[in-house]
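One structure below.
Letters A, B, C and D name the chains as they come in the text, with residue numbers starting at 1 for each one.
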Amino acid sequence: MSVASAFMAVLRRDLLLGLRHRVEIINPLVFYILIASLFPFAVGSDRSTLGIIGPAVIWVCALLAATLSLDRIFHADFEDGSLEQLFLARQPLVLLTSAKVLAHWLLCGLPLIPAALALNALYQLPVTSLWPMLTTLLLGTPVFSLTGAALAALTVGLRGGGVLLALLILPLYIPVLIFAVGAVGNAMNGLSIAGELYFLAALLVLALTLMPLAAAAALRIRLG
Amino acid sequence: MLESLYKYAAPQNFYQLSRRLTPWLAGAAALLLLAGLAGALWFAPPDYQQGESFRIIYVHVPSAWMSLFVYVVLAAAGITGLVWKVKVADALARASAPIGAAFTFLALATGSLWGKPMWGAWWVWDARLTSELILLFLYVGYIALQGAIEDRRMAARAGAVLAVIGLINIPIIHYSVEWWSTLHQGPTVTRFDAPAIHISMLIPLLIMALGFKLYYAANVLVRMRCELLEAERNSAWVRQLGS
Amino acid sequence: MPNIPPTCKLELRALQCSRNDALLFNDLSCVLQTGETLYVRGANGSGKSSLLRMLAGLAQPDAGDVRWCGTDTRALGSDYAAVLQYVGHQNGIKLDLTAQENLAFYQALNGGPDAAALITALERTGLASCAALPARRLSAGQRRRLALARLLLWHAPLWLLDEPLTSLDDDGRALFRGLMQRHTTGGGIIVMATHEADIGANGPHRELVLQ
Amino acid sequence: MNSLGEFLHMGGYGLYVWGAYGLSAAILIWNAIVPTQREKSLLRELAARSNGRSGP
């Protein structure tokens, strides 16, 4: 039973800290909506171009907003010594890093989805794109948190960690980006998007199995 | 056999071995590259369609092969260093990164030099070239991570984790880019690989590929010696080397 | 209070450590029986913290190993984590949580909630009055006491303390020496990195000086 | 491929073919020289350090 209680303890603590620091949660969202609404000023506002670039902009900006908030998964704990205490706890480190990843997704990944659906309207995208946007984000944002956590653990506490983290993480997001925006685009053209969703689900399962292990290994190296 | 191999896992023995091997490897690489060059520029017939510019394949394809080969070596060496704590394997991983990045850049540069006469543009969003570009980002990420961590052993182990994550993602990226390029570009035939290549064209290609491999082996041994000299600065065998 | 078998001991066997290719110490061996305290002294940067982190399992030695009750600590895994408490330079305290929430978190992480033990831990470190205060509003000394209160949440025979008395006032130091005294007479083992000269007052103790 | 001129001309693609081979040669040679120089300077530095202190 203590395995579940340890998982819940870390999850509850991180959620509590996140909600007590609401600014840290709101800022990436505001940033997301801000950069996503910059593009119409650049390409003009006629509906056809917005329709073409809409899904791509909404998705790329979601990816950037998620990357922006990755640093907070381990950085605060690394600075104040809590990470060492998590490392020395009786429960396996993989379990505790998974709890931290889930907390990050609930605080920073999930809120991106309503913002993205609002941006759908901003880009005057047809209603047919709402459902694909929702499902691709539901499958994609956990991958941001999972892969992001592994690499945030690798670069925790390094000089220039933020930019280095983005440099390491963005190439790994390309497959998710390709299939997600491809799915939304195909859905708007009335094609079936089962293939893309299956692939996104496969990427999610792969990240779910591998990335907590990689994060635990990376933390063990960084603390060592 | 393993014991004698294990002997060379110790930095000191490896250093002597690598000093003995390098001249032979470098000499063989030079010979092969010259032979390959002669074959590529002289003996191999021009392509019936692309004419002389097809000769760029003899440099583009081997360096593309090498860019992937070196990344696999880098990841394998990283794991060996991480799991069995073999210092020489860490040195191999750190030394391979710049060479792999050089090969990847070379593949991209020769690819664009080939694309210009054929498709009129310095950059073509072809699936193979795009995967190569992403591989370059992975290399740059690895080298940036090595630079960001002072402690040599921690840098090597962090690099190993990154290389493994990268290695797992390479086939995924490759498949996604393939799917993406057919989605947007349609099936135009971008002949970057060598489908039905005539034997007289294949031989120089294989000679060049082997030459590149030996060149990598010689070069990585020299870079590994530099790594070991710096990493083992305070150990006795390095001090003896000086006197 | 699960007391440990009297034969249990902490063995350091030919430990070697280097940092950034510079050798800190090598061939360092020592055996600590129950009830003993080891004071680790040395100038800044002489490797005191590295040694303590190595004993805790946070860092791997270049050579040699650490044994607890005869088995290598790396092989013990989470069993070793159950007998060990580590207080490093940083307190491991979240400033946005209250003193009580901080300790409750560590209890939930390592066993289960135990309100009584939590209250007594706060009382014995003189923090009972500020249990509901966010750690942000505590002074540095009070935060250090909160980190030391963690040691009392459950009975861990082995205490690894890295300069625990920093930023404590005089009665804080006296209070904590009392706690150490109670721990060692109760059969615990303490390894403590320290600068204080007069610390070796109570109980059987050994000293280890790192150059 | 009889005359040298034609050889250099490469059927009109001379710039690209020689550009590719020239760049490859440049990168491979530079990539070979840099580490060998570095090793020489490391060994020189070691020799200087040990002669300077004439002993371990």
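As a working rule, a contact is a pair of C-beta atoms (placed from the backbone, for glycine too) under 8 Å apart; a residue touches a chain by one contact, two chains touch by 3 or more.
Predicted, not measured: the structure shown is a model, and the values here were computed from it.
Engineer: As a test of whether you follow the contact definition, which chain pair has the most C-beta contact pairs?
Structural biologist: Highest contact count among chain pairs: B-D.
Engineer: Looking at C-alpha means, what's the farthest chain from chain B?
Structural biologist: The most remote chain is C.
Engineer: Which chain has its C-alpha centre closest to the mean of all protein C-alpha atoms shown?
Structural biologist: Chain closest to the assembly's C-alpha mean: A.
Engineer: Using CA atom averages as chain centres, what separation in Å is found between chain A and chain D?
Structural biologist: Measuring from centre to centre gives 44 Å for this pair.
Engineer: Mind checking the centre-to-centre distance between chain A and chain C? Centres are C-alpha means, answer in whole Å.
Structural biologist: So the centroids are 37 Å from each other.
Engineer: Once you find the CA centre of chain B and the CA centre of chain C, what distance in Å lies between them?
Structural biologist: Taking the mean C-alpha position of each chain, the two centres sit 48 Å apart.
Engineer: So what's the Cα centroid distance for chain C and chain D, whole Å?
Structural biologist: The mean C-alpha positions of chain C and chain D differ by 56 Å.
Engineer: Return the residues of chain A touching two or more other chains; collapse runs of consecutive numbers into ranges.
Structural biologist: Those would be 224.
Engineer: Mind pulling the residue numbers of chain B that touch at least two other chains?
Structural biologist: Residues 230 of chain B each touch two or more of the other chains.
Engineer: Each pair of chains that touch: what are they?
Structural biologist: Inter-chain contacts occur between A-B, A-C, B-C, B-D.
Engineer: For the complex, which residues does chain C have touching chain B?
Structural biologist: Going through chain C, the ones touching chain B are 18-23.
Engineer: Help me check something: in the complex, which residues belonging to chain A touch chain C?
Structural biologist: Contacts found on chain A: 2, 5-6, 8-10, 13, 16-17, 20-21, 79-82, 84-92, 223-224.
Engineer: Touching chain C in the complex: which residues of chain B?
Structural biologist: 150-152, 230-234
Engineer: Can you check the complex and tell me which residues of chain C touch chain A?
Structural biologist: These residues of chain C touch chain A: 56-60, 78, 81-82, 84, 86, 88-97, 101, 105-106, 108-112, 150.
Engineer: Mind listing the chain D positions that touch chain B in their complex?
Structural biologist: Per the stated touch rule, the residues are 1, 7, 10-14, 16-17, 19-21, 23-24, 27-28, 31-32, 35-36, 38-39, 42-43, 46-51, 56.
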